[in-house]
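Both of the next two complexes hold chain A, though its partner changes from chain B to chain C.
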Partner chain A sequence: MIGASISRWTMSYFATAVAWLFVALAMMVAGMGFPAADLTSPDTLVLVHVMCVGWLSLAMCGALFQFLPVLVAKPLFSERWALPALGLLCAGLASLLAGFLVLGGRLPAWLWLLPVGAVLLAVGLGLIVVDLGLTAWQRPTGPARFVLVGLASLCATIALGAVFTFALAGWGGSTGETILAGGVPLHAIAGLGGWLTLTAMGVSYRLLSMFMLSPDVDDRTSGTTLMVGSLAVTVTVVGGLLAVWLSSGLNAVLSIAAVLGVAAAALYGRDVLGIFRGRQRRRLELNTRMATLSFASLAGTAFLCAALFLTADFPAHVGALVFLAVFGWLSGLILAKLYKIVAFLTWLETYGPVMGRTPTPRVQDLVAEGKASKWFVIYYTAVWAGTLMLLMGQPQAFRAAALAMAVGVVGIVREVIRTRRLAYVAIPLRLPGGARAPHLLFASK
Partner chain B sequence: MTGELVDLIRDAMRVVIDPELGHNIVDLGFVYDISIVDDAVGITMTATSPGCPATGFLKDGVVNSVSRVPGVGSVDVEMTFDPPWTPERIAPVVRASLGFAAVN
Partner chain C sequence: MTEYVDVDVRPILRAGGEPFSVIMSALESLEPGQGLRLYATFKPVPLFAVMGDKGFVHSERALDAGEWEVLFTPAAKQQTAAPIATPTFDNWPQPTVKLDNRDLDPPEPMVRILAAAEKLEPGETLSALLRREPVFLFPQLEKRGYHWLGGFTPDGATYQLTVRAPS
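And now, the complex of A and B:
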């Protein structure tokens, strides 16, 4: 296939994801959930799932609908499943969150909301897994292999999460109770490490190469990274379930997984360094410069993980570790790439159809990097300060950092909306004859 | 006469830009070959990356621009990635402005 089409619902996924991100930031600023509450408290469960399902997973799915066809140079299996899946995910997440609020006594005792939410999420994510899986399977090479492993990890995450919800509702039997008692770390690592991190790594290989005109990382090199990362997830899920079943504790399994995870992060760092060294474009655009800060956050996460294990401080600071991974590495990377992807897709949608008939602006004419860069700097500085506050046990100062993060995100989102509105394009070029202004929330047919 | 028509076609294609690199596809070296038989024009061209969503628009843009050249009856565009495009194909004056490595 030469040329992929524009994904109709990617913008809808991005907009919904950003809305959930604002919910999570508002919760942190208000002091709901960790660190004001315990890591396992119902409020923290709300916060974690708003972040991981509402923000990170929706943004990742939106990006994959557009860029997986680019990775495999094949069309998406089905465009029609994307919107129903989005509806199911939002309904499922809302039900799940309501279920957590029931656990915290904030709603009447409707525990059935938890399994209902899990089933809706499983159906919605199942549609996406089948759609993206069948697309990637058409050419399972290079970065697409990361996406396939990521999707498999997503299935494990959903399965474990569903078991938890049935157990919490009292419908899980003794097996469900056993898995709930010991399996939460497996669910978290499969989701954050397998689904979100491995998929982000795979997509980043291609996007970095494409936007910097660098040779693709060869399959053998990236294959080693993927193998070590996959092994970390497999050891966690399979070994972890076995350990839970045998009641032997998770320490050994999680220690092995941590070593493999840190090794995978190091190998990924080597691969990314190779892409930067081989780039043809010497001048880096803002999205790439800001992505380097997320790579630094991943390195920081790996370093912190190793340090906490060596000093036996892991249980006390696991919250800070997860915070840095979620907000520094994953959210930072997604925000940086969102800034670029929205500009690129907006250009294609608006100016692609009139190309050859009239002069058109460049993608870079749709953005004002000078204005956007300060918001990214505020965001990353706040994330790193927030991590430090968590390590130092300063929940009030953490809320101030969360507020600064929110300010940064508002600034970035404002810039993205201005890009989508073509606000930075010089008026004579903005809407040449035949061009149509794009809709904010979806791509026109 | 054919040489003049090729020049006109080349000039017409300068309205088509690679959105990422921000320069026209002629100076970027995307156009591999222009052939003319009677009034039928055949163009062989490339892009920076196969599978890129912009590729189809580049192809359509070339058809749109070349069709307007007087003396052109039909336009057939073949997109190829063999050989793959490299920055060596960029006109030197454009290459410098794009911030490409000097070795390229």
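And now, the complex of A and C:
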């Protein structure tokens, strides 16, 4: 089939991802992990991986299963791999988290849980990387190039992470020990900067210009952004491993990577401004308005990175920096786009088969933007307040901010569920003859 | 060896025209066993499905400046059946409806095309101008038994789509 059909398991990925997000928020409200515990503590490792694997990566994969075929105008290589991959990822993540709890002494000494978790995650993500990679490779232009670099970064992230788990279990040999001792920043930057950020950037180019009726960003313009971003990740991983191997310290490598990373964020900002300037749609939908708050958070992250770098405060505040990147930039963008994607896919699945034959609602009839906007505002305000509390060293006040974030996310998720259930569509239009209500957690064949 | 008839639709495409009728009339004039050598300013992917239905296999080659040469070769088992014309694609009439959906918010272009397509009489066609390749529309058209052809104009700013109702 030419074109893009509805991805069957995207909703399942989104639902699972949101469940993990609630786990992370509950941990922060309860004061588990950073900032109550040290940044490198096992509890913090649990929190970070719940966020980055459970929430961000699953949501990103779910979105890519749907939108990568749109970016390349080719069908997904294999739809059938998506569900087994989701099972492997959840099992792998659970095993990995249990392994971290072992490190913290909260479980008996079953250190093998760590490598088992890593292997399961590697197989699950491997399936996804092959599936998405082969799909993107059919037309590696425009935003699809970002996805390919993102997938390559994901491979580097998994490889480093797997080495860590084998080393922690005592099976890594001296090489594993060396990489574990110095390589954690490389793993984090490849994951957050390479995989999540570059992929989010790539997908956002198309989504933004599609929703705002703006011309696509020229391939050469976005190519510069991608090149600088890829260079930042390459310098980090390749240069970083070399520095670890030579025991020369990571400062020089990470300084170069930081400069390149800030430059890539600035170039991306330029591209996004271009999309906004070239738009034909004057009135912006909620998802785009809220995405601008996420771009502001990315700008804030870049600014904070530069400021900490210049004042040599980096080690003390790296937690606040990562927090702003993860919750303000990445989570904010994903939540905003989730709101639109679920509405659009639900509309397409429910009304596509009868469209043109009977009156059907518009996509906008599936949402109540006025109700949703306050939850987004609460969420972003809480994220920024939380960042400030971290910078000011106020862990108790941070928990209050985390609670406000949780309130915002509950509100947003409730709105998304109401959209999926067609709750906002006027009854006479809701299910015209021949239309079937969609399932909450997957799309029907 | 298959003998190929050359059809160069690049001038039509460059002038912003719709090349479909030219391709179809060339196809009608083919002798049994003859193939078609098509030159286009883009890779005419939608045409592959149409020609596949008519019993042609294709092989494409990228030329300079984004242009393509595509060889449509009659599939072996179809050769004997070729004189028995398949009625579906023999002759696409001029569009009954012309839509300019370029300035509509998505997914309104798709809604309008499906609404207009439902009103077509059997075998009639509609044409539509769009900003983007309507990737979500294609599965809907396919499910309803419609055929379509489409591609970007050389400047890449407009996607031209022709949809034909099942006859």
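Throughout what follows, the second predicted complex is superposed on the first by the 442 of 445 C-alpha atoms of A that agree within 3 Å, B and C clash if a C-alpha of one lies under 4 Å from a C-alpha of the other, contacts with A are read in each partner's own complex, and residues count from 1 in each chain.
The criterion applied here is as follows: contacts are C-beta pairs under 8 Å (C-beta built on N, C-alpha and C of every residue); 3 or more make two chains touch, one makes a residue touch a chain.
These numbers come from a predicted model, not from an experiment.
Once both complexes are superposed on chain A, the partners chain B and chain C clash. Contact with both chain B and chain C is seen for A:Q280 once the two complexes are overlaid on the shared chain.
With both structures placed on the common chain, the touch criterion links A:Q66 to chain B but leaves chain C unconnected.
In the superposition on chain A, A:S5 makes contact with both chain B and chain C.
By the document's definition of touching, both partners, chain B and chain C, reach A:L213. Once chain A of one complex is fitted onto chain A of the other, the partner contacts of A:V363 extend to both chain B and chain C. In the superposed model, A:F344 lies in contact with both chain B and chain C. By the touch criterion defined above, A:M355 reaches both chain B and chain C.
Greater residue coverage of chain A by touch, when chain B is weighed against chain C, goes to B.
Residues 1-5, 69-70, 73, 210-211, 213, 280-281, 344, 347-348, 352-353, 355-357, 360, 362-363 of chain A contact both chain B in one complex and chain C in the other.
Across the interface of their complex, chain C is touched by residues 1-5, 69-70, 73, 210-211, 213, 215, 280-281, 344, 347-348, 352-353, 355-357, 360, 362-363 of chain A. Against chain A, the residues of chain B that register as touching in their complex are 13, 15-17, 19-22, 48-66, 79, 87, 98-101, 104. Residues of chain A that touch chain B in their complex: 1-6, 66, 69-73, 210-211, 213, 279-283, 344-345, 347-348, 351-353, 355-360, 362-365. By the touch criterion stated above, chain C contacts chain A in their complex at residues 45-46, 49, 103, 105-108, 110-111, 113-118, 131-140, 142-143, 157.
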